[in-house]
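Several structures are given next for inspection.
In what comes next, subunit A is part of two complexes: it sits with subunit B in the first one and with subunit C in the second one.
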Partner chain A sequence: MVMDKKSSLTMEISSDEGYAEVAVLRVCGALDFSGITMLSNVFEKLFGEARPYVIVDMAGIESICSAALGEFMGYRKRFVEQGGNLVFAGLAGNVRSKLTLLGANKIFSFYQDVRGAVNAYRWDYKKHSKSVSIAFPSFLQFVPPVRQFASRLAKQNGYSAKDAFRIETIVDEVCNNAVEHGEAGKGSEVEIKVSINKEKIALSVSNKSDPDKVAVLKELVKPAMPVSHVGDDDKRGRGLALIKMLSNELDVEITERGTSVHVTKLREE
Partner chain B sequence: METQIQLTCEEISGKSDARIVRFVGDLDATNVDLITEQIFNYFSDGLVKIVADFKQLRYVNSTGLGVLLHFNKTAREKGGCFKIVNLNEDVYEIIEIIGAASLLDIYDEMEDAVAALS
Partner chain C sequence: MDVTFPYTIRVKLPSDLEVIPPIRKFISEILVVSGFSAKFAFRSEIIVDAICNNAISYGSAGEAESEIEVSCEVYSDRFEVVVKDGGGSAPNIERLKEAIGARGAKSPIEEIESTGMGLEIVRLLSETMELSVDENNLTSIHVVRKREDVNPPA
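For the complex of A and B:
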């Protein structure tokens, strides 16, 4: 920890477990002009240690001057050039208001706390995936909330409305097929696992097979008819054709015991 | 329990066998039977020229698309038509991907669709 005895400003560097390149800089006190040299020394130290992703924990900052903000901006640029970033976490109301007034929110990412900033690092830089698993009774009426959940999940994680709509459609079609062609009745379930990261969303949908429908299902997943040839009398295959056109990878495994469908959709916009 | 969808019907001046039917909500596997029943009731009442306003139709899946094709075919067989207007971009994409855009009678503007009824 370094300390400015005149102003009682302190700065302490710590690490995030598991990510050596991430530095958490905890700043406490009033960050005014006299603290800039201390700030600069700390950042130069981080450059020397090749730790280009810096989370500045501002929870203990009482005030900040515009010159200090300028220092942050200059170093942020250098960290970004090194493939990292400089972000703010834990901003108190008055400090946050001042930084927003100065337009800093257009340059820096603000996070609620250090954990949020680390999660953003994992998401942006480590392609960390978030996963959700859902099991629902094998009835059609349970599919709409599941597809709408997948759409919201995509939107909440920065996917565009168009991508979210396509994901909603894929989930809908895969789950409808699982209900229609899988084992029906009391106790039968469809399981869906959704894994999402910054670049893609992966879906795995599985259900028990209905022995009487396995042959029909295997026929359906043979190389599909060209979608342009789908006529108004064709009752089957549209859903699968849609999934194929909207996704980047599709893999279907059908056995007498169960069916698993794996779909990957890359983020497009 | 079905996904929310509502149909409202509006007369068209001077065209006794035609109606504007506005779709509001999502058209999917949970409500196609309900919608099919309502549209076929119009057909049974001699209302064989339908202009389907999709301005507030947020979502359609392959099952929903299947019944739209079915309405289109049935209306034509009865000497009428099933015209679609005000499609949102997402729904249009689904129709186009499935290769159904050329099978359906799609218009950008309501007045063009109504004028084409003559």
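For the complex of A and C:
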């Protein structure tokens, strides 16, 4: 930890986030003109250690001057050139407002806390997937909230409205099939797992099979059946044909015990 | 087929604050399609948001890979939600116990510290809020909210 005795400004680098290239710089106190040399020394040290992704934890910052902000901007550019970034986390309301007024939010990414910034790093640089699973009773009424959830999750993670709509359509079709053709009655559930990363979204939907429908379903998903097989008057199999058109991978497993559908959709935009 | 009560919705989500908005909206929509009022659904959404935020911010002990489990039991006359987290640090658990246990009566809003505001809002919007911590410091919060409209579905 380094400390400026005159202003009681402190800076501490930690590396306990699990990635050698990620450094968390905790700054406490008033960051004014007198603290710029200290800031510069810390950043040079990080360059020397080849840690180009820097999360500045601003939770302890009382105030920040525009010259210090300029210093951050200069070093951010250098970190980006090295394949990293410099981001802010834990900004208090007044400091955040000031930085926003200065337009810093257009240059730096702001995160609620250090973990949010680390999650963003994992998402952007490590292609980390986020997985959410939902188990819901087998009622058709629950399908619209589930499809909208998948769409919102995609949009929240930077997918375009078009991609999100296509994902929503896939989820709708797969979940409707699971409810309509799966085991019905009290206690029957449909489980959906959505795994999303920067490049693709993977869906797995599983449910218990209805013994009376297993043979028909197996016939419908035979690999020999082309998409063009679905005629204008043929209502069966349209959902699967649509999913095939909208997705990049589709795999259906039907057994007497359960049905699982795995769909992968690559991000297009 | 109409929705029959009671039923359970179980959600597992990563310890990532960005996932909470779609989850809270999902639970709100589930309540609306089950015949609860938009007001009830919105207030329940706020409860889910506050507890999940707490679980992720303070209950995952810095583990980026940890998960939060949300279990919603929906009855014709009430909504119960249990949120389990991956285990918080001892100081955070003590703060949580204090926030839930010490304020037996509802506190005036001006007396609440900003960090305990979420739980206080949950308390205002719910009938009961209980905390349990197991021997591994895994925390779960159970909240019950009763519906307000006069004629709930059978």
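Convention: the second predicted complex is superposed on the first by the 257 of 269 C-alpha atoms of A that agree within 3 Å, B and C clash if a C-alpha of one lies under 4 Å from a C-alpha of the other, contacts with A are read in each partner's own complex, and residues count from 1 in each chain.
Throughout what follows, a contact is a pair of C-beta atoms (placed from the backbone, for glycine too) under 8 Å apart; a residue touches a chain by one contact, two chains touch by 3 or more.
Here the structure is a predicted model, which means the values were calculated and not measured.
Chemist: Return first, second, both or neither, reflecting whether A:Leu140 touches subunit B, subunit C, both chains, or no partner chain.
Modeler: In the superposed model, A:Leu140 contacts both subunit B and subunit C.
Chemist: Is A:Asp172 touching anything from subunit B or subunit C once the two structures are fitted on A? First, second, both or neither.
Modeler: After superposing on A, A:Asp172 lies in contact with subunit B but is clear of subunit C.
Chemist: Between subunit B (first) and subunit C (second), which does A:Ala184 come into contact with in this model arrangement: first, second, both, or neither?
Modeler: second
Chemist: For A:Lys162, select first, second, both or neither according to whether it touches subunit B, subunit C, the two together, or no partner.
Modeler: First partner only, subunit B.
Chemist: What is the contact status of A:Leu246 with respect to subunit B (first) and subunit C (second): first, second, both, or neither?
Modeler: A:Leu246 sits against subunit B, while subunit C stays out of touch.
Chemist: Taking the superposition on A as described, I'd like to know which of subunit B and subunit C A:Gly70 touches: first, second, both or neither.
Modeler: Neither partner.
Chemist: Please name the chain, subunit B or subunit C, that touches the greater number of residues in subunit A.
Modeler: C
Chemist: Which partner chains sit in contact with A:Arg238 here, subunit B, subunit C, both or neither? Use first/second/both/neither.
Modeler: It touches subunit B, and subunit C stays clear.
Chemist: I'd like to check the shared interface: which positions of subunit A are touched by both subunit B and subunit C across the two complexes?
Modeler: Comparing the two interfaces on subunit A, one with subunit B and one with subunit C, the shared residues are 140-141, 144.
Chemist: Which stretch or stretches of subunit A touch subunit B in the complex?
Modeler: Residues 140-141, 143-144, 162, 165, 168-169, 172-173, 176, 226-233, 235, 238-239, 241-242, 245-246.
Chemist: Considering only the defined contacts, which subunit A positions touch subunit C in the complex?
Modeler: The contact residues of subunit A facing subunit C are 16-18, 112-113, 115-116, 118-119, 122, 130-137, 139-142, 144-146, 148-149, 152-153, 156-157, 184, 186.
Chemist: Residue numbers of subunit B touching subunit A in their complex, please.
Modeler: 1-3, 26, 28-30, 59, 61-63, 65-66, 69-70, 72-73, 89-90, 94, 97-100, 103
Chemist: Give the list of subunit C residues in touch with subunit A in this complex.
Modeler: 1-4, 7-19, 21-23, 25-26, 29-30, 33-34, 56-57, 60, 62, 64
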